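Just dropping this structure here.
Per-chain residue numbering starts at 1, and chain names A, B, C and D are given in the order in which the chains are listed.
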Amino acid sequence: MTDGKDVADWWRTAIIDMEPGRIHLRGHPVQDLIGHTSFAQIIWLLVMGEKIDGPRAALFEAALVAAVDHGPQAPSIAAARMAATCGVGLQSAMATGLNMLGDVHGGAGEQAVALYQRALESGPDNLAQTLNTWRMEHGSYLPGFGHRFHKPVDPRAPRLLALVDDAASQGAVGGQIAMIARAIERHLVQERGKPVPMNIDGATAVIYAELGCPPPLARGFFGLSRSVGLLAHAWEQTEQGGRNKGPTPPAYRWTYDPD
Amino acid sequence: MTDGKDVADWWRTAIIDMEPGRIHLRGHPVQDLIGHTSFAQIIWLLVMGEKIDGPRAALFEAALVAAVDHGPQAPSIAAARMAATCGVGLQSAMATGLNMLGDVHGGAGEQAVALYQRALESGPDNLAQTLNTWRMEHGSYLPGFGHRFHKPVDPRAPRLLALVDDAASQGAVGGQIAMIARAIERHLVQERGKPVPMNIDGATAVIYAELGCPPPLARGFFGLSRSVGLLAHAWEQTEQGGRNKGPTPPAYRWTYDPD
Amino acid sequence: MTDGKDVADWWRTAIIDMEPGRIHLRGHPVQDLIGHTSFAQIIWLLVMGEKIDGPRAALFEAALVAAVDHGPQAPSIAAARMAATCGVGLQSAMATGLNMLGDVHGGAGEQAVALYQRALESGPDNLAQTLNTWRMEHGSYLPGFGHRFHKPVDPRAPRLLALVDDAASQGAVGGQIAMIARAIERHLVQERGKPVPMNIDGATAVIYAELGCPPPLARGFFGLSRSVGLLAHAWEQTEQGGRNKGPTPPAYRWTYDPD
Amino acid sequence: MTDGKDVADWWRTAIIDMEPGRIHLRGHPVQDLIGHTSFAQIIWLLVMGEKIDGPRAALFEAALVAAVDHGPQAPSIAAARMAATCGVGLQSAMATGLNMLGDVHGGAGEQAVALYQRALESGPDNLAQTLNTWRMEHGSYLPGFGHRFHKPVDPRAPRLLALVDDAASQGAVGGQIAMIARAIERHLVQERGKPVPMNIDGATAVIYAELGCPPPLARGFFGLSRSVGLLAHAWEQTEQGGRNKGPTPPAYRWTYDPD
């Protein structure tokens, strides 16, 4: 015997409250949010449970804008385009691409936030040792630094960092994460004797960490951002047409290589 | 023998152009977009291939904001929450929910845009016949009208329509789609003798149609919008914990009903 | 106030019945099925709700075996391999590929079953007209016939048809669907003046239709079959290694084509 | 300049070789496999790259059969049923469920294979210490043992183990893994003073380990097996009908719990 409360409690949430004719998102009537809240702001509100405004909102928006696309060589974008030719809906094509994001593809942001937080806690003076320990645990690659294509500079990183500096000068964020991230970048130059510049994951992670996001949300927000590219590419492919688009033109075949 | 051009052409796109150190999105250097473009604006730019500004951008943003969540009774949101307890990444949990959006769940917006466009072409005087023809082709249900929960009014619809009116009074959109959508709503009242109010799909479809979106993008944009709720719920569930969360509390079992 | 029966009924099923220590699948104790039932047989039992044995089971098994893989030029297989390098689990990589199967990719089987059933109902004498009507409704392409790669013969089709003939000669299936499918094939030869041979979708659809499957299950069973290839390729790619495998070698870039 | 070999090599595989009219799977003409190979056997052939026959094939088949379904309280099955009401294809509904399998849901088999292999290497005499070390690394829960529902016995486990014993008595497998798994089970009884019986993950892992599978394939094979249940439930739900099926009957709502 039950009054249904156990069932309701099983799906309890602080995000949304509803009655017929009434929808509250994080305590705000939806009709008050519509028209007064930017899309970036409602993302923050819904996910983080608090409002974001002014320079902090601008920073968050910049991070979301910066990662929308990196072209069809990325497996996620390629998959969304291929899916768009297979007779599934546009949203399933997007989902196919989004589902490719994981520990490797789009996962470095989460790790970079964690790395920055640890480096900040240990202090700049202990940076070399912090990086050492990180590498012993996770391998030699430092998340957020280096790019196989954009050398010597990923154009998104300095722009994002400049915005962080602006926000810090206005007191909107602390700026210590940006400092520690740049210290890591300098450390890598010394170590390798050539630039290993901050990449998009590293730069957006600076913003997410400055704003106080838990590390996994760097991945979640990257997913939202890249979904824009997924939709754009899936739609462009839909308009280009094609059926069962494979990875290479149909004249190519794979090498059969029986070990 | 090939110079690789066929391979490059197979993935041709107008969305993004890249060289090492250079990323252009729809012809704009990414560093010029970052900090000067809202997240909603870059969604429009990337998907539609053109800039959106002022009251038109505000309308688009309002549509994106309005549909972010409708709670865990929606199968997409429930699935994202369940996935978050199964040991897959946050982005895969989001993808699981996004992949539930289809012809039925989140599909009415596309159909509503098409219905509005047809009703506009046929003209308001022929509305009864246009609706008749639509129903003969698609069944009695008119996409974008009626809600099993929000009666008599879905609070998002009048707010969105008011914003369309504002934009129309400024000449930013034509306003004819809003007119035809309201005519359909009045027609339904007369027909049924009770309100069958415009729902979120119907109201956002007014905006998408006023802005000139092809119908399938109503679904695509809905997918982006609802992805916000998917992330918020997947993350909240992650923090709540749980393992292999089923649809009902574990004490419940299904009815075995061997036909 | 509720006794929970409404919740249990919401998830009612005829497939499985359970109590602690007891699992019945379609009425059979699971421990009696294990070791006495082939994997193909339990697929049929679970999905169709009845046992399958002897030559009918062999036919079903042949259809499942025939479609397991067609190589990494297929978007589904390519996507699974790419996903395997992105840091998601093996099952998510499989799901990514499975999710690419839709109306176009792997969807022809369902349509072919429907076409055969209609051609059978109309009778062989009216075949030309049946095909005409089908084409007026669905376009000129007849599902299940023709292959852009395997010309003039898809090696799986004659083998599968021969097995249907064997089963028909034993009275295990009627054989009329095979007859009507071959009549369509002959009709296409006459029409085009060259062979348009039955393909894997057309040939497996003969089996599914002979066994009495509803058309959508041709797609479902194809999904199970192709999942084998998805797993094999995702696993091989996992062992080959790689990170963020794109559709072409990294040296290639796409053509930027701003319309 | 390229002859396309780099593109072909990028997709190299040992699984499949093709020319027009010719398809070889792991070196075997597909038409020779069809009708002579069971579905379970071709799964093994494609994934493992070698033939499997006789009692070993029977064991593998038993493991695949045992895990096909555990009912709609499992998030994967529930998700597939919900997806089937959302207007996506049957294969996408399956993919939605398959995509829920991860480290937690359906992931214990992989861990159990690894645990058994380690326990075997360390030897039965050192079992207590092996389990200790495992728990220090992975937490107190031992993968493959205990079930929140099936107490005191999961009916699938003793049946599967009996089949392993049969195969071992015929020399088809070594039987040491079964021995070590039972030793773990006895160890847990002593430790807890009550049975913590082997579950389906633990029992199928015995088979996969006896057959020499790498641990991740326990997850891959589980995915293939559970896909059967996903299809059966998605199809049953399709026939039951419904639109946008949520996790609970529509009359229920979630508890709003603003922290």
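A few points about this structure:
Just so it is clear, a contact is a pair of C-beta atoms (placed from the backbone, for glycine too) under 8 Å apart; a residue touches a chain by one contact, two chains touch by 3 or more.
Remember, it's a predicted structure, so these values are computed and weren't measured experimentally.
Of all chains in the assembly, those touching chain A and also chain C are B, D. Of all chains in the assembly, those touching chain C and also chain D are A, B.
With respect to chain C, maximal separation of chain centres occurs for A (centres as means of Cα atoms).
Of all residue numbers that take part in the contact between chain B and chain C, over half occur on both sides, making this a same-residue interface. Rotation angle for the C-alpha superposition of chain A on chain D: 180 degrees, rounded in steps of 5. If you average the Cα atoms of chain B and of chain C, the two centres end up 32 Å apart. With each centre defined as the average position of its C-alpha atoms, the distance from chain B to chain D rounds to 37 Å.
Centre-to-centre, using mean CA coordinates, chain A is 22 Å away from chain B.
In chain D, 4, 7, 9, 11, 13-14, 16, 18, 71-73, 78, 87-89, 92, 95-96, 99, 101-103, 106-107, 149, 247-248, 252-254 are the positions where the chain touches two or more neighbouring chains simultaneously. Viewed as a network of touching protein chains, the structure reduces to a complete graph with every chain in contact with every other. Taken together, the chain B residues at the contact with chain D in this complex read 1-4, 7, 71-76, 78-79, 82-83, 85-88, 92, 95-96, 99-107, 148-149, 243-248, 250, 252-254. Those residues of chain C whose C-beta lies close enough to touch chain B in the complex are 4-5, 7-9, 11-14, 16-18, 27, 49, 87-89, 92, 99, 247-248, 252-259. Taken in their complex, chain A has these residues touching chain B: 6-7, 9-11, 13-16, 18, 20-23, 25, 29-31, 33-35, 37-40, 42-43, 46-47, 58, 61-62, 64-66, 68-73, 78, 81, 89-92, 94-96, 98-99, 101-103, 106-107, 149-156, 158-160, 163, 216-217, 219-225, 227-229, 231-236, 238, 248-249, 251-252.
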